[in-house]
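Chain IDs A, B, C, D, E and F follow the sequence of writing; residue 1 opens each chain.
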Amino acid sequence: MPYVNIKITREGVTAERKARLIAGVTELLREVLDKNPATTVVVIDEVDTDNWGIGGETVTVRRARGF
Amino acid sequence: MPYVNIKITREGVTAERKARLIAGVTELLREVLDKNPATTVVVIDEVDTDNWGIGGETVTVRRARGF
Amino acid sequence: MPYVNIKITREGVTAERKARLIAGVTELLREVLDKNPATTVVVIDEVDTDNWGIGGETVTVRRARGF
Amino acid sequence: MPYVNIKITREGVTAERKARLIAGVTELLREVLDKNPATTVVVIDEVDTDNWGIGGETVTVRRARGF
Amino acid sequence: MPYVNIKITREGVTAERKARLIAGVTELLREVLDKNPATTVVVIDEVDTDNWGIGGETVTVRRARGF
Amino acid sequence: MPYVNIKITREGVTAERKARLIAGVTELLREVLDKNPATTVVVIDEVDTDNWGIGGETVTVRRARGF
């Protein structure tokens, strides 16, 4: 019954890798807390780099500086 | 003053149905908790089926199997 | 499979009323979008009035003024 | 280490203004709570006006009425 | 830089198990997406069983029926 | 009409400082995006240090090491 929300920057992550994240976090909850995979919900949000800030600046600006 | 967030898969829900969800949940909060509709905020997120997981797999994969 | 999060101020809402919210929003999603109640998840967050702001001030301050 | 999520309607906000929001809220957390800007994360969600409700109706409908 | 929110019911999960969840999901994001663990943020919310609904009823009611 | 959620660790922040955060972020949205303070909602979540992870470990563990 857990609900997991993963937020990452939108930078071309493939469907295959998103499926691995979903499988992995569902398995982690089964392993650590014995949660039933059938009712574990995972939602991935991909956020534009203009809309994600860290260190007081956007990821767009940081990427332009080579981070 | 309540805030409600509804997350559903992005599968062509019409504006009319989203308006019905917003009206319905606002009315529910008035009826059950006497919350003022004027300040009840509802945000609907539509999530790509590649980004929604249940049972350890994506909704895209489940839909392909006929769920 | 929808996920709904309802945030309200923590002001002594009974378990019975929270159950009515959960039943009501689950039924609304069935009715409007034909969503399966068995996998509809609803999470209610009750937030201290010191931690909820509207109009630039906390609900604690507003309640003290008679709102 | 704080995490801030700002939700606004999607109505053509420029990257420059989003950068000002990110800088401003990061500075606010440094000033009020002495939080380290380097690990302050800010995520801005822009939500379609069909998907945002207030007063029991969508922002699309309200905008059409001149609000 | 990812942000992960895990919501589970409040049912006495130990600090040690929560630490395992945090370590596990951080490692998963490093492994699948090469995300830097130093800036991966994980927040766990434990939700009262009266406040969590599935299948249109609270977890409190379901637990009482033996689920 | 914006909605802002601020998540910080639960470490004894006073009501006065939370009120300053709410006032500050509401003013920032007015200044940068001309948003109406009357309908700007701010919710602050204070999260136990056992439930907040960064760098793959809990804040509790980091605080014990002097961070």
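The rule we apply is simple: a residue touches a chain if its C-beta (ideal position, glycine included) is under 8 Å from a C-beta of that chain, and two chains touch if they have at least 3 such contacts.
Remember, it's a predicted structure, so these values are computed and weren't measured experimentally.
> For subunit A and subunit E, which third chains touch each of them?
Intersection of subunit A and subunit E contact lists gives C, D.
> Of all the other chains, whose mean CA position lies farthest from subunit C?
Farthest by centroid: A.
> Please identify the chain with the largest separation between its CA centroid and the CA centroid of subunit E.
So the chain farthest away from subunit E turns out to be D.
> Write down the chain pair in B-C, C-E or A-E that repeats the interface of E-F; the criterion is over half of the contact pairs matching by residue number.
Among B-C, C-E or A-E, the interface that shares over half of its contact pairs with E-F is C-E.
> Would you kindly tell me how far, in whole Å, the mean C-alpha position of subunit E lies from that of subunit D?
For subunit D versus subunit E, the centre distance works out to 25 Å.
> Using CA atom averages as chain centres, what separation in Å is found between subunit C and subunit F?
Using C-alpha averages as centres, the distance is 20 Å.
> Find every residue in subunit E that makes contact with two or more other chains and list them.
1, 3, 7, 25, 39, 41, 43, 52, 54
> Between which chains is there touch?
Every pair of chains in contact is listed here: A-B, A-C, A-D, A-E, B-C, B-D, B-F, C-E, C-F, D-E, D-F, E-F.
> Would you pull the subunit D residues touching subunit A in the complex into a rising list?
On the subunit D side, the touching residues are 15, 18-19, 22-23, 26-27, 37-46.
> Once bound in the complex, which stretches of subunit E touch subunit D?
The touching residues are 1, 3, 39, 41, 43.
> Where on subunit D does subunit F make contact in their complex?
Residues of subunit D touching subunit F: 1-9, 13, 17, 20-21, 24-25, 28-29, 31-33, 35, 39, 52, 54, 59.
> Can you check the complex and tell me which residues of subunit F touch subunit E?
7, 47, 50-58, 60-61
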